[in-house]
Amino acid sequence: MAGNTFGTVFKVTTWGESHGPALGAVIDGCPPGIALSDEDIQHDLDRRRPGTGMGSSSRKECDRVRILSGTFEGKTTGTPLSLMIENTDAVSRDYDHLRTVFRPGHGDFTYFKKYGIRDHRGGGRSSGRETVARVAAGAVAKRVIATRHITVSAATVELGGMAAVTSRYATDTANEFACPDSDAVTAWRKRIADAKTAGDSLGGIVEITVTGCPPGLGEPVFDKIDADLAKALMSIGTVKCVEIGAGLSAARLIGTECNDEMTDMGFLSNNAGGVLAGITTGQDMVIRIACKPIPSVENPQRTLDIEGRRTMISTTGRHDVSVIPRILPVAEAMTAIVCADHLLRQETSRLIVTKVTKKRNTARKNVDMRE
Amino acid sequence: MAGNTFGTVFKVTTWGESHGPALGAVIDGCPPGIALSDEDIQHDLDRRRPGTGMGSSSRKECDRVRILSGTFEGKTTGTPLSLMIENTDAVSRDYDHLRTVFRPGHGDFTYFKKYGIRDHRGGGRSSGRETVARVAAGAVAKRVIATRHITVSAATVELGGMAAVTSRYATDTANEFACPDSDAVTAWRKRIADAKTAGDSLGGIVEITVTGCPPGLGEPVFDKIDADLAKALMSIGTVKCVEIGAGLSAARLIGTECNDEMTDMGFLSNNAGGVLAGITTGQDMVIRIACKPIPSVENPQRTLDIEGRRTMISTTGRHDVSVIPRILPVAEAMTAIVCADHLLRQETSRLIVTKVTKKRNTARKNVDMRE
Amino acid sequence: MAGNTFGTVFKVTTWGESHGPALGAVIDGCPPGIALSDEDIQHDLDRRRPGTGMGSSSRKECDRVRILSGTFEGKTTGTPLSLMIENTDAVSRDYDHLRTVFRPGHGDFTYFKKYGIRDHRGGGRSSGRETVARVAAGAVAKRVIATRHITVSAATVELGGMAAVTSRYATDTANEFACPDSDAVTAWRKRIADAKTAGDSLGGIVEITVTGCPPGLGEPVFDKIDADLAKALMSIGTVKCVEIGAGLSAARLIGTECNDEMTDMGFLSNNAGGVLAGITTGQDMVIRIACKPIPSVENPQRTLDIEGRRTMISTTGRHDVSVIPRILPVAEAMTAIVCADHLLRQETSRLIVTKVTKKRNTARKNVDMRE
Amino acid sequence: MAGNTFGTVFKVTTWGESHGPALGAVIDGCPPGIALSDEDIQHDLDRRRPGTGMGSSSRKECDRVRILSGTFEGKTTGTPLSLMIENTDAVSRDYDHLRTVFRPGHGDFTYFKKYGIRDHRGGGRSSGRETVARVAAGAVAKRVIATRHITVSAATVELGGMAAVTSRYATDTANEFACPDSDAVTAWRKRIADAKTAGDSLGGIVEITVTGCPPGLGEPVFDKIDADLAKALMSIGTVKCVEIGAGLSAARLIGTECNDEMTDMGFLSNNAGGVLAGITTGQDMVIRIACKPIPSVENPQRTLDIEGRRTMISTTGRHDVSVIPRILPVAEAMTAIVCADHLLRQETSRLIVTKVTKKRNTARKNVDMRE
């Protein structure tokens, strides 16, 4: 059943396979009047692009986005935005040997069980390449929330089991990990090189920070903003854990430690991660995601073919060693989409002031140009 | 904006406040022909009920459910089920002093900022009491998935920083924590008693296991079953972290360790937690949630009133010391609702076999009773 | 599959059967701060109530509504409103003879084919009694749109094939048909009395007028406001035709006649019925619905039993002769729900002004009470 | 707010403007395994194409569809289908004079009031060209319902006030009106030629027939299949009236005439139009829509500019004289989408048989290839 749409007011539908002609996103519900050009979106696509950086897939995709609808003279019109990114370096025959084999850790087996048919080329729809459409849509969401000075940034806090020492919230810094700890950056680069040599892959942890978020975003009881963030981020194929604020460690605090006391100077801590009862407090929102290692590894592993016979598999195609750092703009995109959606949802939840205004008693035929 | 509905085919809408006349759930999309009585639901409500067990709130609610629609002669009819639980021991005046004060760690501040108006009595809609409706709806979901022999069970794996030693998956055992480690159970009881004496509160970690789940449930790309589980569980007020399978620790594994190899004996491990690319593998689904300590504590804490003036607060009302064990049926309920929804969604995703059958050329007027 | 919810922002879910304990509606997404009491809803319920007026069912239901959640001290809080109306005069044994027979023109046959099980008592969920929940929800919708001075009123324009002569838009007048043409009212009363004597039933046409609607409500391309009105009104069991503005007769006009020219005095006509390209113009919205005769008739008719055997049926139970006038508040309710929904939807579609305001650089910890 | 998606399980999202680079549709929820090629879609696009036939717009669009995702080796995979049709003959400068003027009967005024910004070129999103995406999606829907031998066909029954004499249900015949009455066809062609000469435009009435529909499709109470059909068809810009079965004339029948009696030979009539209580009976579904005349006319009409000043307008661009016959495939498309959606929805509403089967007690690790 349909599951490729995210959001309620700012509604993103994505489509496309790893080795089809193109991938894309349709955004319905973007407000009118927001300046938007291809270049605004291209910046984040370039951050996610394969073929850049050590340990990255050698697939060469220019990932140029085209805005096919929803803008006029450089501004959004309020009608659906259609964004398309063409596949230009899809080498399908690289995947011929996978037609009848299930790669461990990938969606090959489950797609086959679900549909009885699958596009085996590069994982089809279950490929990480699917996230290119998320990043394009997320770039638009960032423009929407920027109108209220809300920003989203993701930073690496751990890779291959090695944590950064960081005394402050994530900020977008100059290195590929967006990490302020230069020792960690050096160590991570070596860790990735070593894993590549060893024919293996790595996971890591990413922290996302939302600044400038006004209090009041999020809805009781199921559509809490942290619940929607959890879904948004867990829907990224590589993510196995989502934490808000103190996260897992909150379970080990006592109540007086965990509660964020308030004074007229503001909150004295942020264990809540900027969310109370599913609604933003006005503090920064802080979310962490744990990413599993890339399932494609050169080291041979046991698996089955579609007839249920034992076989071995070794992935020698073009693939990354770690989803980090390419996952950073994807995490930002999903977070920005949730924020844009809840920002617009909140517009419908505010007090309607029922002033005694002049009744519109001439409304029937009057064409009021000033409205 | 509307946010009190969960699910797409098996659709649960809840309503009600802590100190209003009643709380309830409307379930739309439950298939017809499923045997269902008040007693089927009452069992789980009793597990969640306050006033039982050490460290629990002394509020005495009998929490009797009434099925107001959607059944006929003991079976569901396919029309909406309306479930209602009346509030009988709501003592609103206990909360008069909270009319103008924000309790730290609660939704008081954020509801006020969102709506400009709030029902301060016991937290209103943001109260943990809201979960009574989830448990009622979850009991119905359990009946739906039971038709395919799918079961959901939750067990405590850590409380107040003390982990159970458990060598096997969670199973519902006889103690209030549903934990097979009797030493842990003894230690946790003491930990709760100590925290109560100290005027403080505790958090913990719960593991939920889904058995019997067929492969193929879950939808690409946003409505992955693990994404929906993450949302469902993070929407419980107390939850700050959701893990699937290896969860956080997956980030520290290398690819060859993390991948679950397959042989004709089945999968050799379950780091995936029963989900690959958002679709069930047929293995058990294993999910863990971290719960923060109850924010209501007797120890005084700094806060503000609605005028922004500093004040202190100490919660002496009826409240629990830890959400565990009462959270167990709530976690099961949300998990069962996700499973029921995806079980029914999958009915629409299967291959339509286009057999060459006799065309219905007499269809116009024929009333076929056998269909 | 779930189909008992209407609306996207102002979201109404109804439940209940003709002969169950109660019927009700849950409204999610109603803005906070709107004054609302039981009495506000009771007025419309009384207009719809059976047992009043000639030709009406003799079932005696007091139809008292209870607001079970979502208000605090007389105002909506922004959380779900739960409205319940108990069935007090349901005489189920009146329907025992219908357990195995399908009444022509009713949903008996189709519910049985759909679900394989049905609540035969009074039609169960397919009963016209279901509309009591719509009327309750519609009364809340009327309060929402009243904050912008939008009003909805329905009037009878034809009954039993006899049209009223009316030179003006529908207004709520003192008679049960809400019709300004007193000759028609007299003729219709006689027509109903005659049909009752003849053991038969009548249909009619109702016109609904929405005044005060601002321009700009409605969404391209599927959720046009007239498309949503068509669905809302066609979802009332008795309705077989929905017209907007010139309606059917628009097909017989030429373009220069049909187009509503504009001058600085306003539109010169209203063939559009207040809607262009699915979006309100600011003129009155005018919608007409055609209602079929009540299918329950005393005159015997041919039908089948659930074994497919021929039988005859004659309905002698308590039922109306015509859905008019009781349908009037139902038509208003559905129209008001559509208007409330689109009024709130429009809040998310307006231009976000991106003023250069002071950046929220102290946002992290500051608790701003003034916001 | 987002309004460009139709359907719940078979979910169609359209995008694109009259003079943008392209238009398209994303279909999410199409079942896997259905044979689908560009040519399958092209046939209906060609029926809708401008530039063919007398009285048609002279815009020359080849309207070639490209399937960008969701198929593999000629079959649907269950993932989203992305369909794109490029605009190749958009002459935007033809519309420069409309930048500041509102055309009567078009969406120019209402889009401007709604968004404060509009793409004036050819009406932008409000253009009839938007329906090209509906027709493409409808062609896929037709393939889905064809798996159950359900067919949809539209026929002209009236044009410019001249009705066809037709003693039978609509069937797709060889002429452009799909009308079996050759006298009417001749008269209509002349009527269109005369209107063109007169600088005016015409409306008409179309009947849509669905054959082979099994009983049981449609959902209580708001998502009745006739309610969804009413929305689907009223959402076509030109439609001002939707009738089901006896439609408007049902209001003038008495109950014993209107009820469709049943015998073991089937229903004796079809005033219901194949729908009782919103659920299909198994008879043909019969729906009629009234289309207003094309609002673009050469004869000058009074209107306003965006400053509210009086002006005159005369449309000399490329446009049709009547939406008929080009509307026929559009009406079929929307009808087919509703049928496909309800066919798939019904899959979730059937009785789950709870057989006592062998419990899946070895489920945890077993990889069952045969499932």
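Points worth noting:
Chains here go by letter, A, B, C and D, matching the order in which they are written, and residues are numbered from 1 within each.
Note that in this section a residue touches a chain if its C-beta (ideal position, glycine included) is under 8 Å from a C-beta of that chain, and two chains touch if they have at least 3 such contacts.
Please read these numbers as outputs of a predicted model, since none were measured by experiment.
The fewest steps needed to get from subunit A to subunit D, moving only between touching chains, is 1. Contact count check for B-C and B-D (C-beta pairs in contact): higher for B-C.
Distance from subunit A peaks, on a Cα-centroid basis, for C.
In this assembly, the C-alpha centroid of subunit B lies 42 Å from the C-alpha centroid of subunit D.
Inter-chain spacing, taken between the CA centroids of subunit C and subunit D, is 25 Å.
Subunit B and subunit C have centres, each the mean of its CA atoms, that are 35 Å apart. Shared interface positions of subunit D, defined as residues touching 2 or more other chains, are 1-5, 8-9, 14, 29, 32-33, 78-79, 109, 113-117, 125, 215, 220, 262, 264, 268, 282, 304, 308, 344-345, 348-351, 367, 371. Of all residues in subunit C, those touching subunit D in their complex are 1-6, 8-9, 14, 102, 104-107, 109-111, 113-117, 123, 125-126, 130, 158, 160-161, 195, 198, 200-205, 215-224, 226-235, 237, 240-264, 268, 271-273, 275-282, 290-297, 299, 301-304, 308-310, 345-346, 348-351.
Listed in rising order, the residues of subunit B touching subunit C in the complex are 1-5, 7-11, 13-17, 20-24, 26, 28-29, 32-33, 66, 68-70, 72, 75, 77-82, 84, 109, 113-119, 124-125, 304, 306-308, 344, 367, 369, 371. By the touch criterion stated above, subunit D contacts subunit B in their complex at residues 8-9, 29, 31-34, 78-79, 144, 146-149, 211-215, 220, 262, 264-268, 270, 282-284, 344-345, 347-354, 357, 359-360, 363-368, 371.
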